[in-house]
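Think of it as A, B, C, D and E in the order they're written, each chain with its own count starting at 1.
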Amino acid sequence: MTENENVLLKVDNLKKYFPIKGGIFGNKTMKQVKAVDGVSFEVMEGETFGIVGESGCGKSTAGRTILRLLEPTEGSIYFQGKNIAELNPNEMRRLRKDIQIVFQDPFASLNPRMKVRDIIEEPLINFGVSDRREREKRVLEVADQVGLTAAQLTRFPHEFSGGQRQRIGIARALISKPKLIIADEPVSALDVSIQSQVLNLMRDLQKEFGLTYIFISHDLSVVKHFCDRIGVMYLGKMVEIAEKHSLYDDPLHPYAEALLSALPSPHPLQMKNRIILKGDVPSPSNPPSGCTFHPRCPSCMDICKTERPSLQVIRDNHAVSCHLYESTEKLAVAAGELK
Amino acid sequence: MIAYIIRRLLHTILVVFAISLIIFFSVRLTGDPVSVMFQAGEPTKEAIAEVRKNLGLDEPLYVQYGIFLKGLVTFDFGESFRSGMPVIDLIKEKLGATLALAFGGMAVAIMIAFPVGIVSAVKRGTGVDFFGRIFSLIGISFPNFWLGIMLILIFAVNLKWLPSSGFESFKHLILPSITLGMILSGILARLVRSSMLEVMNQQYISTAKSKGISDFAVIIKHAFRNALLPTVTFLGLQFGALLGGTVIVEQIFSWPGIGRLIIDAINQRDYPVIQGGVIFLAVIMVAVNLVIDLSYTLIDPRIKIGGSRS
Amino acid sequence: MVQKVLEVEELKVGIKDEDGGRIAIVNGINFHLHKGETLGIVGESGCGKSMTSLSLMGLLPAGVERHDGEIRLGNLNFNSFNKKDWRQIRGKKIAMIFQEPMSSLNPVYTVGAQINEMILNHERVSKKEARNRALEMLKLVGIPRPEQVLNEYPHQLSGGMRQRVMIAIALSCNPEVLIADEPTTALDVTIQAQILELMKKIQDQLHMSIVLITHDLGVVAEMCDRVIVMYAGEIVEESLVVDLFDQPSHPYTKGLLASLPDIHEQKEYLSSILGVVPAPGKMPAGCRFAPRCSFAHERCKEVPPLFEMENGSKVKCWLYEDGEAEVAAT
Amino acid sequence: MTSLQLEQTPQQISQPKPSLLKRIWRFIKKNPAGVAGMILVLLSISAALFSQWIAPFDPSKASLTSRLAPPSWADDTGESVFFLGADQVGRDLFSRIIYGAKISLMVGFFGVLISLVIGTILGLVAGYFGKWLDDFIMRVADIQLAFPFILFAIVIMSVLGTGIWKIIIILGLTYWVGFARLIRGEVISLKEQEYIHAAKAIGGTTFTIIRKHILPNVMSSILVLGTMYIAEFILLEASLTFLGLGVDPTIPSWGGMLADSRNYVTTAWWTATFPGIAIMLTVLGFNLLGDWLRDKFDPNMKL
Amino acid sequence: SGGGKEKASTDSSKGSEENPVKDRGNEIVIGVSGDPQNWDPIDTFLLDWSTVATSVFEGLVDRTIDLELQPGLAESWEYLDDKTLQFKLRQGVTFHNGEPFNAEAVKFTFDRLLGAEGQKGPQYSNYTSIESVEVVDEFTINMKLNTPDPVLLTKLAGYGAVIVPPKYVAEKGDEHFNNNPVGTGPFKMTSYKRDQEIVLEKNPDYWKEGLPKLDKVVYKIIPEASTRLAELQTGKIDIMKRVEVSQAETVKETGFLELQEVGTPTAFSLRFDVAKKPFDSKEVRQAINYAVDKEAIINEILGGYGKPISTFQSELSFGNNPDLEPYPYDPEKAKELLKKAGVKEGTAVDLFIPGNDGNFKEIAQAVSFYLEEVGIKVNINTADSTTLTSDLIPNAKAGHMYRQGWGGWTLDFDNTAYLMYYEGEQWNPSFKNEKVEELLEKQRASVDPEERKAIFKELTELLYDLAPELNLYSAVDIYAVNKRVQNFQPPHEDRMRLEEVTVK
């Protein structure tokens, strides 16, 4: 990728801790769920940045914190150079015109008591398009773009299939002409046949409007298909960020490696050497010391148990946070400089 | 856990304090206790003023409230205007009858509502369900005084099976308990039914069935056990209410309970008894709910007190 | 010849509609299961996979009933079963694990109690023996510190552990057939890999037959010997797993395979099957897949029979009419 | 762009609609309890709405000569008289029961309206904003619950005076707690729904979110609880009369009639029996209706 | 009087006419409606107290069941002068605890009543005319008065002046005494369960020879009338106090029960707030009195269980003027008077009644019906009865008219008239008439019955004319008694006397 590409979003040391309250007055923070614990990455204009990781590793939380649907505990989020973590609620509300989100659950993300037309139209009202006819026009336009007919607009969400609902969700995100769309597992709940429809649609829209996506998923093959660059998360941290081919051809982090090998093979005869990880993902309220992956890591060293590795660029467009690579590459590069 | 209990107690104190304040001033809005005392007497202006002074009612309100609060801290609710008895003794006197009735009513409600609710849920949509629900609703379709009077006429006067009033033996407990229980059972049956319906849809019910155990075991051991939690919460809330809220049943059946104590006190404007009684009930209600909350850990191992469901 | 443990003939499952008529959910399917074999059933959501598996257990939900066909387990014919007979085979001869490990264990009983319940229900053993057996089962499914877990409640376990416990329960009475309805769908890939590995290991050990229901073709490729592809309550293709991936026959199967993103091959767009599975009661006449099929033609207005192909696969599609022997639909 | 062909939704495949009669019959067969409830409720509502036309006599027309006249279709002269008998001051019981529907339903509807409005607002606020507001509102609810209803009634009556509207106010001010708790609970779980996050993400203000997304989704619970409370309020009005806190006796309220004639049960059974039946059927009707609504909207609702 | 119309026929259970009470022995059970809560005579002024305590305590002066004064614990008395009253006490009387009754006991009783303890209660004010009690010898006392009191002897037969045992009270303390009363009466209280039952047992040492005849009397407290009746029907009680008019028929129809009625001193009126228009006009007040057919109300609604009254007192009251006839029912006259006073057709007035008296609600509605006939619209308001008496009436918030019932426990019009018509008294928010006040003071200054009678005659005539209330009726109490009970005589003023009662 070239140097002159514009950074659209830069996330720097983002943290989101959920307190578990306790104490006599219920106001003492007894413990914290470190759902997102110091994540940094950049998203270029027009690209698709993928975030993968197992359930509970903080993908959704990261996505929502960027939109400030959740207030970040720490860190900054620069959108077009502006730190949106510092905006007041009203400014933030207006900025949401430019950053939109599509949710995982096509059933839960649409208000069951609103007509599809009203669902799609709502952002326009919120963002101050007061002319009714203008709004009408835009709704029809967007509906057409996502493949919904005018007749379908007068129906309620429950009358649609999962794939169609996801289109409604996309239309709603699209209508305010955002620059960035955070797609939080938009196809995980769909059947494969439908999943491909939605992915195709999203790709079309990206081309047509020059959209930038943050694409969150736990499905490595979908991510590979759809994304340009990918960040792998484990227990609230980015353990590896890389350009997709670099990651899939040669994963560096043992976790990424295991993840890739765990993928069911696409063909019965392509049996491969599986790395089966021991144990389960630990709880983010009580993460292991040092490298949080060490208890499950097949190549765990002593240092891993005590020291937290930092994210460092190992090769072009490929950074990893693992002690295995520290000896070879001394250069600790902040994720921000990662291009 | 300990911190949780302490927190709840602090809340209780707050609530009790607020109630004491409200109750203290609001009873004083409703009329004068002294003139009520002279049912057949010679209440000249002077006589009334004299009694008022002797009862300390001529002090400024804040002073009276201060005295009341001071007593409260030591569980001294003062002495009844009417009987001259310490309020706390009056309450103690009634506690037995009140508890008996509350438990009796609950027992009846449970005996009606659990089977009806369970069967209704299991046979959802069938005639059994329909009649079960109508039956459980009959109880809440009558004003309770009417139900009480009717039960007396039927079971005491006509059939002569049961005594119609008084607090003497187990037999005396039956009619008031039924009156109270019928009312409760309507709501309880509905709750049991809906909780059962929810639970019956759970995957673990399928698991239980897939083990080949009997339907009865599936329903009782697996479904009902899980449906118990909201039921217990409800019963807990109701229990508090039953202690004080059974005035009408107590009156119809001449049951010497706390509800009647308080309503009589209200009718006579016996301030100390009203205040003491209401605060006592408030404390009981909070305490019962605390116990219920703590008991959740026994019913549902997922619940940890002080934290949330894991 | 390999022994058939389970045979299903003309299975029809339906619900009553408002007029008292029947709406078919599963519309006359035939299949069998060999001893020690893993049979996969794949298909999109709502095509009747779960209903098929539940009718094997006699556990169809209220309102849904099996109204035709025969199911035979060895020499037992399920049609003649009363409630008690069902109870005796459930868990003992045929056991099931479910999709949602989070909710398939009863939250208020300990793991031990839930395994014991199964054992005590089917076998005349003392409580102590049952407990030992439960412990053994936990060890078998690879649960760390099994003694402790026996006394723990499901909520104290992770999803993967719970699914292991479920497997332990299902296998505790040594059933001939295990039905696994999407056993790994709710799990993470790394955990899914663990569970699949475990199932393979245990199958080898116990020589069980497995019906594995899934919508993930990857899992099928990994686990199964033979596959049934279901569409809208019918079997559209049945073949050996290798054949299915190498030479899928039915347009639907082809479509499914093509819509998978391939990790080795970069395509800009994925191909996809247009439209959605028709709802029960709204089935098109003729071939049910025809409205979504790019090969649909006149002939498809008629219901196609199941054609047997050279390699032994069976396909329900008019495209294979010529040159292929027709298989009687019995 | 790949072609995006219109997907078929099941609804698009049209089937001939069965006849109206058939649909009604089907509905009745499927929801016997709901239909029974609806009929009972409709009956009492029509009695309330059309009392002038249904009632044969002026419900407040007292006449000591016809005091406690027993039910009869015709008197000696063949003229029709009190068909459900006459009450203690000689008024036609049937007319009073017809007019009583108005009063009972008024108590039910308006009482519920007040508690509903207060409870819903407080419940929304407590549930949505949480934190100290929630704590505060819930503590107020605790206090309200601990405060004896009868004392509360007496306090309100001595401050505001008596009458049917005061009773409505008393009920409204007492029962808001039920709505508040229900709504609060629902809002708390609703708040975590994805479409609420979505509403925020598309730039919705708090007010819009509550109005457009939260409120409509708690409406069904409000409706269900409301129906059940109507039934409860009708009974409570009767209990208040029993305790001497009811409405003016000239007002034909079922509760009043029932409570004031309870001592006539053995001597003039009709005075108490018919109002009793009216209350029972109406209350049963609303309960059945509420039950049915709940089953329809959310069978697992904890009510 | 008595016996309502037999219209309310019934088909209720005439079932078993057999007396359900079989083997109760020489005791009776009485169902009463209320528990006075406190048995100390100086703390109470409740009728419920007197129903029971009359059998336990005795005063120096006694009143027969027919309300005649007679010697009680004092054998005789005389006025030594205007302000000294000497009592000769009965000898050989002991309290239930064995303590002797003597002059000390009398002195103790009155010192207590007039001292700090008594001043907390409602009885004290009745006896303020007593300066002190002096012991002359063991069985003689002198009562020093600070002012002549015409009704003192009546009052001495009242609740507060019953004699209490000095040692017992001193030793056990007041709280104990509240719950365990000891007196000299025919029965002693052996058990008291608050709000449930009171057990009295025969006092074997009672000073009246051969009395009482019963071994035991149990009072059950049953507030709800329908429940009380059920208990009677099932034989759980033998005597039911407070039978509702609506229940009378049922009792009559039950073979083993007997209905007994008795006139009471309690008068019921709708009092006018004379400060409010249009009741500031005498004509209007009179018109109302003409407009209502009180006889019809008594006969129809009260089933005959009520007596007409012309002033706010019953025929039992000293001062009642038998020459005055109640205002006749004359709607024409009423209309005329109203017209004269300029009251427009359709004028609306507020009437306040207590909400817990079902029977009176019917009466209020009948009144409203009659007033409507003469063009006055009545809005009936029901209020909690305590609020009405303790708040609304004293503060003139009870509308144009309100119900008041008054017993005048001394059976002397003084009590009623003073409290109702003297300016500034608790229950007289607005009535003021100088002549009335003058007469009231005049009768108070005299102890001569004849003179007082004359004053009351003038007063009643004046009040009759002024018509400060619509006088409705004086109450008749109804008792229902199981036929096994013999010699029971219902009391006029709730004070049940049971010495002579026997059972069959």
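Keep this in mind: a contact is a pair of C-beta atoms (placed from the backbone, for glycine too) under 8 Å apart; a residue touches a chain by one contact, two chains touch by 3 or more.
In UniProt terms the chains read A = Dipeptide ABC transporter ATP-binding protein; B = Nickel import system permease protein NikB; C = ABC transporter ATP-binding protein; D = ABC transporter permease.
Quick caveat: nothing in here was measured; it's all calculated off a predicted structure.
Compared with subunit C, the chain whose C-alpha mean position is the greatest distance off is E. Here the chain pair with the top count of touching C-beta pairs is B-E. Centres computed as Cα averages put subunit D at a distance of 44 Å from subunit E.
Averaging Cα coordinates per chain places subunit A and subunit B 52 Å apart. One simple way to say how far apart two chains are is to compare their mean CA positions; for subunit C and subunit E this gives 88 Å. Multi-chain contact residues of subunit C (touching two or more other chains): 269, 274, 276. Subunit E has residues 13, 226, 384-385, 387, 391 in contact with two or more other chains. Counting partners per residue, subunit B has 30-31, 149, 153, 266 as the residues that reach two or more other chains.
Across the complex, subunit E is touched by residues 30-48, 50-51, 54-55, 80, 82-85, 90, 93-94, 149, 152-153, 156-158, 160, 163-167, 251-254, 256, 260-261, 264, 266-269 of subunit B.
Listed in rising order, the residues of subunit B touching subunit D in the complex are 11, 14-15, 18-19, 22-23, 26-27, 29-31, 130, 133-134, 137-138, 140-146, 149, 153, 186, 190-191, 194-195, 197-198, 230, 241, 244-245, 247-248, 262-263, 266, 274, 278, 281-282, 285-286. Residues 1-2, 4-7, 9, 11, 193-195, 197-205, 208, 212-213, 216-217, 219 of subunit D touch subunit A in their complex. Remark: subunit E residues 13, 15, 20, 37-38, 40, 43, 45-47, 119-126, 174-175, 178-179, 193-197, 220-224, 226-227, 230-231, 233-234, 236, 384-387, 389-391, 394, 407, 409-410, 415, 418-419, 424-427 touch subunit B in the complex. The residues of subunit C lying in touch with subunit A in their complex are 44-45, 144, 158-161, 188-194, 196-197, 215-222, 224, 241-242, 245, 255-256, 259-264, 266-274, 276.
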